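There are two complexes below, and they share chain A, which is joined by chain B in the first and by chain C in the second.
Moving on, here comes the complex of A and B:
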């Protein structure tokens, strides 16, 4: 399919980085081709004169809803931590990434020691 | 005598096994339903009804997968508001159904659990993204089911499986507990085999919910059929839906129904929805943009799947998302990220929002003249599994008749219209003005009673 190149393979790589996705070369080229085909189709919007039309972000005329700022129950900690990701060491694949009090994540602070 | 609800729930696993090749269900929740059954069940408008829910709706103590590896290991700690309302109305929820991953797709092929098959012909797709719910109802595993409709995800599978499929007005049904895809479009929707149950389920789930600030306060009226009212409705037909790609059998069914309504002395008027053809373009810009933002939450930190990496946090995010999301979800996240990125936002996203207003105006103008719009639901009959899965643009174009209503936020419903010569379901779509679901029910009931294909 002869598709106009709106987005290059390099740009696809850049977008993937922004979206926190890692692509191999094959995926990058396939997505580039498919996304270009879609972008070519959406160019038809450029043929409409919409400069004077107010953008519509939400179909109902919603007003901001506020409630009284009073404490209410949230999920208990053990219920929340029970859903911690399955990310145990190789010898214990059922272990979840929690110490019972917090979620466990890789170390994010670099130290010199 | 109809069997007791408990007997029907007990019989569900065997029935499911018999229909296992359809792959409609991800999680059988019948044992939970049975355990919670209180004697003969709660008395209410849905007593004695078996229901299924799409697996992007939360039910406490059951997995919510969204048909994605991303949510592997997640067990919901709470129940979605519309699901709770079904339970309170006496329904038994026996299954969580297959879908396109995170509701992105039109065929229920993009599922990490494999495709769902059409009960009329297992080589064909059931439509999507709520294909599992549609098939569960069409195969008579359940009486009715909930899906979610963002751009046609209930109306199109209803058309492909011969069911009623109602997408209510945007904001009609609480989305508390529905996993978000495109928040200015998503709406919890209903499948059933007849209009009365469709209306009854809708009335149970509709109405304001303090837990969803986008849910509307508009009162929900109770549907009771009134032939005189039905006959007083003015029907609009739009020439933009006489599309060159429209299947010949669907087209002739459409024209026959119009002829029938005229012969019954309905007022049928031609109206114009001039921006119909721009719907797909605007829809796929806006929904992918919203999806790229909504799906940023899946980072492998607090729930769901986490890729086992040694190394830094950045690597954890990227490896988790790359191995958790399937190709269609990745494609849409990237397209959405692109149309929102610096330098392109005005050209794509803002422009699509302006076109969205033009499409909304088309409907508002039409509804000054008519009560309902009658259109086809899909341009084609169900297509074979595997034929569109690698060509996203062609897949997107199959939503041409359902996305305009989603862009405008108006209610629309598929009504089954018999079968094609080859024995495949045909569906037509009725669309009403905001919060006028009841007028759709009136005319549908008239057609259901009076019109034989």
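Moving on, here comes the complex of A and C:
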């Protein structure tokens, strides 16, 4: 029944861009091939009759894992900032991108969300 | 930009507006971790591996968040889904450490409610609520003057409800009133502090225009950053003009996302249709589905605090006040409670309203205070008003006593006694004063007796001055009249 669905190299390129991945042509073709193989497998699954099966959105048979609204201690700030990305100037490769209070990032003007 | 007034534009064109409002919930801790929810804390002092998005951590849902969202849903008449799910909204931005925001997508917690409110002319407007869903807030990016931005993750993981309206709003004024009513409802329901200045409440809008009488919707644009009541009204008016301008010149509105720049009073283009975001939502694997027991919903509904429409109705029924006064008295729950406490102190509702709307609001405005910070207890104000209505002091004296009470920790009665402000209504004392004043003004007395009776006011003023304002005006008038008319 299902017509064969394939993902083009352009679509791979778009998905990679959204994931902020840089792929070369060789990788693009390889991933297109692999993703198409996965889609083919899914198409095979889609031929099964699942009319009697409840849709599953989570692999665990659980609902409502919650907690009370009780605050606990956060991490000390120096520990948090110690994991700032390496800022990496040549003369000080161990330097982290922080001023001791904030994480520092290249200036961004909001275009997202 | 068109110079036509918005009113004349709106005669021909009809705006169609829907609002998306994010409100921070007033929990103690964040939505998926136990970091404290804070405002104004030292940067990055309230974070942990969960809200910083470290690999391998597991978010656990704060049940208070669910209760607050259900409560808000009940306050606006939504259905609560018996099963709802979380989803990942994927995008990259430095204030979002995980690279995705946990939100809800096709199975939100609440759906299908409405919000009603008064317009300035007293008419009632109802706006449909499409959905209310749960999500987490992102951190904060502060853009430096140089080429760096500063990131503070304290806000990351703060619980939010996103409240999406139907495109039922038809003018910038309606949008403003809707937002004011939503804020009021969030506060009355006790689910959010809803302080816009602290960013507890943030508003985006979808907007299109169409010729009046047209059934079809025009092409809509999305507007972000309408984060004050004034901003909502002005930003939408600006965008309506822009769209009408394009259409009247025969052009077409292009689908795009704009951001409102309050300081510059203009919009900036964030992205065009081609650059539209692709969030690739998918079910959040780290969180199990949320199943809501209908009995829990019933219990939350039964325990709903009094809501704005209910308190307005009660004030109208019990206190017989003007609609405009009720609107102001009930805008904030704390002010309404203060007013009621003054009435409960044994004061007539009309007198209490006069003092709260007049003197109390005047001082709050002058001092930039909230009613919670107002130094005078409502019982103390009741005592003062009673001294006034019993005729012990007159209204002007009462206003001075009011001001003294704000700075000195004394009761109205104590101040009146200490400063000897009590009104003199003893007729013997007042008669002496009247006779003294009148005998000192023989020329005026003669003119009065020759028929210039409007001089009565002049004599009143002189006598009141002689009593240093403490004479009971009614008693003084009676004596004066008698003395003047005694030929």
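Going forward, the second predicted complex is superposed on the first by the 92 of 113 C-alpha atoms of A that agree within 3 Å, B and C clash if a C-alpha of one lies under 4 Å from a C-alpha of the other, contacts with A are read in each partner's own complex, and residues count from 1 in each chain.
We adopt the following convention: a contact is a pair of C-beta atoms (placed from the backbone, for glycine too) under 8 Å apart; a residue touches a chain by one contact, two chains touch by 3 or more.
What you see is a predicted model, and the numbers here were worked out from it, not measured in a lab.
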item: Touched partner set for A:38, first chain B, second chain C, both or neither; value: first
item: Contacts of A:82 with chain B and chain C, given as first, second, both or neither; value: first
item: Contacts of A:12 with chain B and chain C, given as first, second, both or neither; value: first
item: Chain A: partner with more touched residues, chain B or chain C; value: B
item: First (chain B), second (chain C), both or neither touched by A:57; value: both
item: Partner chain(s) touched by A:74 [first = chain B, second = chain C, both, neither]; value: second
item: Contacts of A:48 with chain B and chain C, given as first, second, both or neither; value: first
item: Which superposed partner A:20 touches (first chain B, second chain C, both, neither); value: both
item: Touching both chain B and chain C, residues of chain A; value: 18, 20, 57-60, 62, 65, 67, 75, 80, 83, 103, 105-106, 108
item: Contacting residues of chain C [partner chain A, same complex]; value: 27-29, 34-37, 42-49, 52, 60-66, 83, 85, 90-94, 96, 101, 138, 141-144, 146-153, 259, 270-271, 277-278, 280, 283, 285, 287-291
item: Parts of chain A lying in touch with chain B, wherever the complex brings them together; value: 7, 11-12, 15-16, 18-23, 27, 31, 34-35, 37-38, 41-42, 44-46, 48, 50, 53-60, 62, 65, 67, 75, 79-80, 82-87, 90, 96-97, 103, 105-106, 108
item: Touch list for chain A against partner chain C, complex; value: 18, 20, 57-60, 62-72, 74-75, 77, 80-81, 83, 99, 101-113
item: Complex contacts: residues of chain B adjacent to chain A; value: 72-75, 77-78, 170-171, 184, 210, 213-214, 216, 275, 277-278, 280-282, 284-285, 292, 296, 299-306, 308-309, 311-314, 316-319, 321-322, 325, 327, 330-331, 333-335, 337-338, 341, 347-348, 350-358, 360, 391-393, 396, 407-409, 434
